[in-house]
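Look at the two complexes coming up: chain A is in both, with chain B in one and chain C in the other.
On to the complex of A and B.
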């Protein structure tokens, strides 16, 4: 069916979209009445506990399970020898040039590849007993040398992490547009810069876990599991367990944060589900924090080196980027996925046409990596950091270097060298506003004066182009498998009660309220009337889930379209009931049908309840040929890419004696299009920015040289507390996108991109008098001092 | 295993528990008493999600064996929630969007119900100092601080009236 077109839906002045409505989910969460995974009561459930490799790289030579099997309360102890017979391996072999195919069994039987690799599973009548028995599982290992860094992985003669591959270089791609050699020959100078992000982890405060219920009569598996993408997860689970998709229900309860960690189905979850099917008893598993820190997906640990050929005025003539990443021991995602997106959008808001990048991904003996909130986070740091390097080398003001390179309003739509199209973005408007708000000139004057007094302040700037919503066309262009569509339905029951659902599942992003607003706007009712149900694959339509920052554009947008279509049907019914030939003079507002007569809206006496009753209970009154009922389903594939943009400014003071960095001021100017709910958007901006700051300054998943994970507790892996999080000033300069429903652009990752760039650039600005540059994160006091020591 | 019967006073109610002596207070509250508002985020005393009040003072339920708590008064988020609606602190968190996933929230509510009773007029720095014992990965804290400040104000007015 056709229905309302997205590009026809933007307008000035919405009734419900854009209101700061406090959240619906708060009522249950604040009262301690949320239902997170471990709050679900399942009588008779067994508890699973995993036995994990204490070594980074070791041949498994034998298991002794007898003692564990005899321990109190134990029902089963299994290893890959059983589980791999019950389940399919994960084959990661998309037809991508330069990407090595990999295969991962559910549990390893030949060798353990990282510290924390699950090698056996104990199931007992209670969690304490399962943990006791896990201590009694004996695994014999033959130690192998471990590779624990990108460089070591690619060194000659390095031990192979995956012995089916020719080397640890699991993915290698190149891209070139324009004529780099020519631009370099023309250049005034070629400026080099280097950037690196450390290994991190998502750290949701609720760890992972699952409950698997097997209904032997119906031959049906219900999997309670916190999931960002319930439908794709169901497809994966069914495939791995050799079940038909209709034999599996994924039901996601309230989720205590995810940030990218709860998209895929992990080996532990497949094991637990397979055990529930075999034992024909419910099995549950709750990951503990040590497991979360050592064996749930990790992220980042990528590095980018750039070569910028520049003109005398700082204009970039060409840019080359070498992108490398340490992907860990297993490919839970195609290894090229994250780094390739970095390459695709690296040039951001800057006018660069002659561009080349090379992506190299290595396997190492560390936990597997995957997307974490803003997987392309390093891009803004690399671009704005490269511009800062140009400014330093040519001794030009860094704001000026940004200006001469930035995409101007008259350049839009601007096609990046990778084919990505920037449109409906406002980078220069946001940047100029930011310079004004921060008081740029005054800051520079004060900075000079302070330096003379031994106070080292720095100002960092970062212009962010945030790729929020990936359409199917993007995946195709990037050579990554995947669909970008989303699906939604809106139903009005005979009583007039309204329900809506979409394929995405929230994990704290507050979807329920803005989605209710989008539906309410489309229908012409109050958001309080709209019940939004998410997360259960038996109820919600097949959509691609919450990934990227697509919640508002893909989720809210598709719901808005479905609601508009349903309203059109309701108005057709209203017209028939009122004896009108067409609904063109009719509108629904506040649940009432209004008619435009004599230049004003007047009541018709018809309400949503009357229409609903007629649609279901009196279908003979419907316009001829119309189906009874009020249900509307929409699926929508967003444009290739939807972009938001923002500019971040961060002012810091650096204590040269200790290497400590204090954030004095933090300002964001952002254009994220039409906003569904400004409270929620501001919450995402704050949260993302602080997560970004954590990444620049504190967080670091440390492995030692033998591959031991040194961050087993929250005292070792440090995220920002309330004392480290600054107050953040946010200026909104939103302009609509013309191709998305209501003009939504979305956001939730740009804060991370901006912070990673702005804080790092600020520290380098403060370090300027010392002639040193920080080239890797985190910018710990240790690292800063090591830089300053070199200068004596 | 050696399960023992004992009595806990939780939210002003006497509760009979039969559990192993090694069972954590957090697990007994959640599993035996079905008070699942107390969350578990680390089980090693850092995240603060499991914070309950023991004789009115905040304590980490994951660091205490339930059996140690006989003869003590335990209060959980459920006990701090009015039968209808929200407490002033909960209401302020709602209005100021002080929670996203909500997993850290009960620990913050218990901590600050106690703190605001002792410190009705805290500065932002004092709020942040105390809040640093509760990790939140979602909000960036600013809205939580704002909500606590607002709750303090409202509670002061409430007691003044």
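On to the complex of A and C.
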């Protein structure tokens, strides 16, 4: 590999990296000048509306489309009978032991598998008429029994969600390291604990949607669609539509949130694209909120039971975990994808070598599940919650139990039992700092005194090891198909104007600002000079996209490398222009070439503009053999994983009469390595933590026993608003990662992991005097009361 | 989420609106603040053929103090009630209720007439209307009639209003100097409809005995539930902490709340006991405060 090596890029101080530069994109986004999908005007575009199954599980016995086709403004009404002929099915059959291969046509023709399953599509001249006509599509159904829980799915004689499979158990794997039986025999006690998270959904403010434009002359499809991963999406789209990749452009406009919901291409979008190609007319689709809540992508519904063999002092000798997940009706992702990561990183920052897990995933008649910001969210709750269970059972202080188990600085690098390697992390430093900041001992005293007065306070702690970036080696090790590399280019135009691009696309979290800083750092210019353009596959290089907290490390890191390479070329040119033999004494700063002579930096009179002009307009002045122009492309495959770490502390008051939980204080100590932009990082910490709190206390996608989705509006599916968000105190530590450009690590999901654990653990701490433990989320007042009621 | 086709009318006078209603009957719906009707139309739960926008009608937006009562026009927005100095003085439970409805934007548009005509059993104004013996003024082409609150609320989202009637105003009784009031609610988030709410008015005499009392619960049935029987049993009782406990637990035992995804029936019953006790305590405290003043 040529060019600058990532591990050679760490430095003590940076000029641009780490500066609190205000978000560049806010100038347009906050003034209503962003361009979201609905801001794109397409004259003559047709509007699509989907007809969805009102039943959770039903055989489709017939369609009657005549009336709908005759309705005003209707151009086409199609079902899977046509669309499946035009498109390829999605085969989900990676060679993974214990994973059942599945296949999904673009639209179902034989049966509907969940309430909301799309069964027909109406295209009309406007959305109102499309919805009118959709009401006239008659689908005949034969009702089938629905399976609506993990347990029901695996019960004897359960109806099959996917009739091509032998059972609803779509994935089953086991892992064991060390000698569990022996550790259990040696143990002082074996402590059991149970944890469960409810079904949730991503809930981006902007729902899914797309505009498909077919250029019949060039045989080319342009797909405007909010996307986290435009290039993989284009590959998928081309494959499903039987087009070559060069026949498809994916152009992502500004995106109003995604959280994992906008990575893959869905059945609705393939249908819309196929219709645009067939009708040779632009077709657009905007998912409405009801559809987004009931038929988009859902997540989380998983449960973990642990068995911890412990010594008298609380040391964990071995840990077993049984991980189960309700994956819904369809496999949009390999079914083991999410739970596998849970298993791999479950032991977190704790010294455990004897470890086993078993993962079982079931299909049910609910909306399909997939990754949602922190797909492995439950891990920290499970691990720290298990430690709390140990503390309760052995009557040891929970902070002490964490201490005796924690990976110490001297243990690093620490290889987890699954082979994952922890290095450049600071769990014990962050934890101790957190204890100090929160005033641990004083809290315990006050808590004791308050209890005597009928005030129940709780303190929850959660130590998070956050897996970020996910290099290709991880996918290989985890047995999941995929690459983790990312690509970037940086170009300087003849005038000296700077543009940069990477393969991933932001969805509101601010990529443009930190990326401009990374490029500016690499080049030696001001970030304001750097224009970052993302999201269009004709412009951006092929990268794997935004997910798994890779934005900073994979995106920012690759851009930084490309910029460093380009700077090296510029300095070579500068040396030639200055008549020097080598650029070793030269540096670019603030767009000016400086020379180190006599122990000090002095100006050379040469600037970036001169170099750019020479590179393009006067190539004969370039060093011998150098190509004209200033364009640099880099692709970089990050390490298997980069780990950030944090500790979350949450203090709550529990109203025993109503079961209501109030958060009194929230503190995070986080080490996410080199930070590109602290404002953006803080926004992510706050946002992720609030999203985590939402999961613990409010969000719940409820299905009834027949599989009806009961959460079709935002009055039903409750997310925290600004009123429910606590003040969050953040203490930062910054230990660079030695293997990544500039020492960046990645973050933005750990806040969820930490909050899910800290809030839940806090509530259980408050419940302690009652002798009950909350074992499932959300911790609704009603649920808390149901626990307290039995205690009288 | 687009409404079915409808025709939009914007009458400038009440008579014009009533003529339209007479013509279209149950094919028409009145739209006031639109905060509840528009979402229902968007998910096509409501599909009127004719929408009659009453926002242009001038004389529905007044708050008028009369002798012993206050008449509030149907188009008065939640925000106005929340901030009305007159009401804070004459009928403080109304501003207290208004400021608890939804969020700021909603309160700026939503109207008291819309809230009452909607008749959500957990909503604030129906609760207060039931507490304050409201008289509903309904107009149609045929004339005007007055409906007492116990007849107005028929069931969930159902009132005694006829399709060709417009609710023009609601008359609430004002509070006497000797009366204290209390209002408690429980919702999971700020701005949500309450899972349960409770309000009470108490007047004391003879060193702390109940002279007059009104108690109402929301979110526990198809309409707000006035605890008439318990009110009668309470007159003459000593307003002690023990009595408050007794009466609230008696109320909890008598109501028949339903369960749904937000809360079980059992939980709602627990809330009834807590919230009614809180409302009574506040009412008694205010009453004593007023007497002392």
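What we mean here is this: the second predicted complex is superposed on the first by the 791 of 792 C-alpha atoms of A that agree within 3 Å, B and C clash if a C-alpha of one lies under 4 Å from a C-alpha of the other, contacts with A are read in each partner's own complex, and residues count from 1 in each chain.
We take it that a residue touches a chain if its C-beta (ideal position, glycine included) is under 8 Å from a C-beta of that chain, and two chains touch if they have at least 3 such contacts.
Because the structure is predicted, anything quoted here is derived from the model rather than measured.
Of the two partner chains placed by superposition, only chain C is touched by A:710; chain B is not.
Shared-chain residue A:39: touches chain B; no touch with chain C. Of the two partner chains, chain C is the only one touched by A:780; chain B is not.
Contacts of A:691 after superposition on the shared chain: chain B is touched, whereas chain C is not. In the superposed model, A:721 lies in contact with both chain B and chain C.
By the touch criterion defined above, A:658 reaches chain C but does not reach chain B. Contacts of A:206 after superposition: chain B is touched, whereas chain C is not reached. By the touch criterion defined above, A:23 reaches chain B but does not reach chain C.
Looking at the superposition, the partner that touches the larger set of chain A residues, chain B or chain C, turns out to be B. Once the two complexes are laid over each other on the shared chain, residue contacts for A:128 go to chain B and to chain C alike. Residue overlap on chain A between the chain B contacts of one complex and the chain C contacts of the other covers 127-128, 288-289, 713, 715, 720-721, 723. Those residues of chain C lying in contact with chain A across their complex are 1-5, 39, 43-44, 103, 186, 188-193, 261-264, 266-267, 270-271, 274.
Put simply, chain B touches chain A in their complex at residues 1, 20, 22-23, 27, 30, 34-44, 46-47, 49, 76-78, 81, 86, 90, 93-95, 97, 99-106, 109, 127-129, 131-145. Interface of chain A with chain C (complex): residues 127-128, 131-132, 135, 288-290, 657-660, 698, 700, 702, 710-713, 715-716, 718, 720-721, 723-724, 780-782, 785-786, 789. For chain A in complex with chain B, the residues that touch the partner chain are 22-23, 25-27, 29-36, 38-39, 41, 72, 127-129, 203-207, 254-257, 259, 288-289, 507-510, 679-680, 682-683, 686-691, 713-715, 719-723, 725, 727-728.
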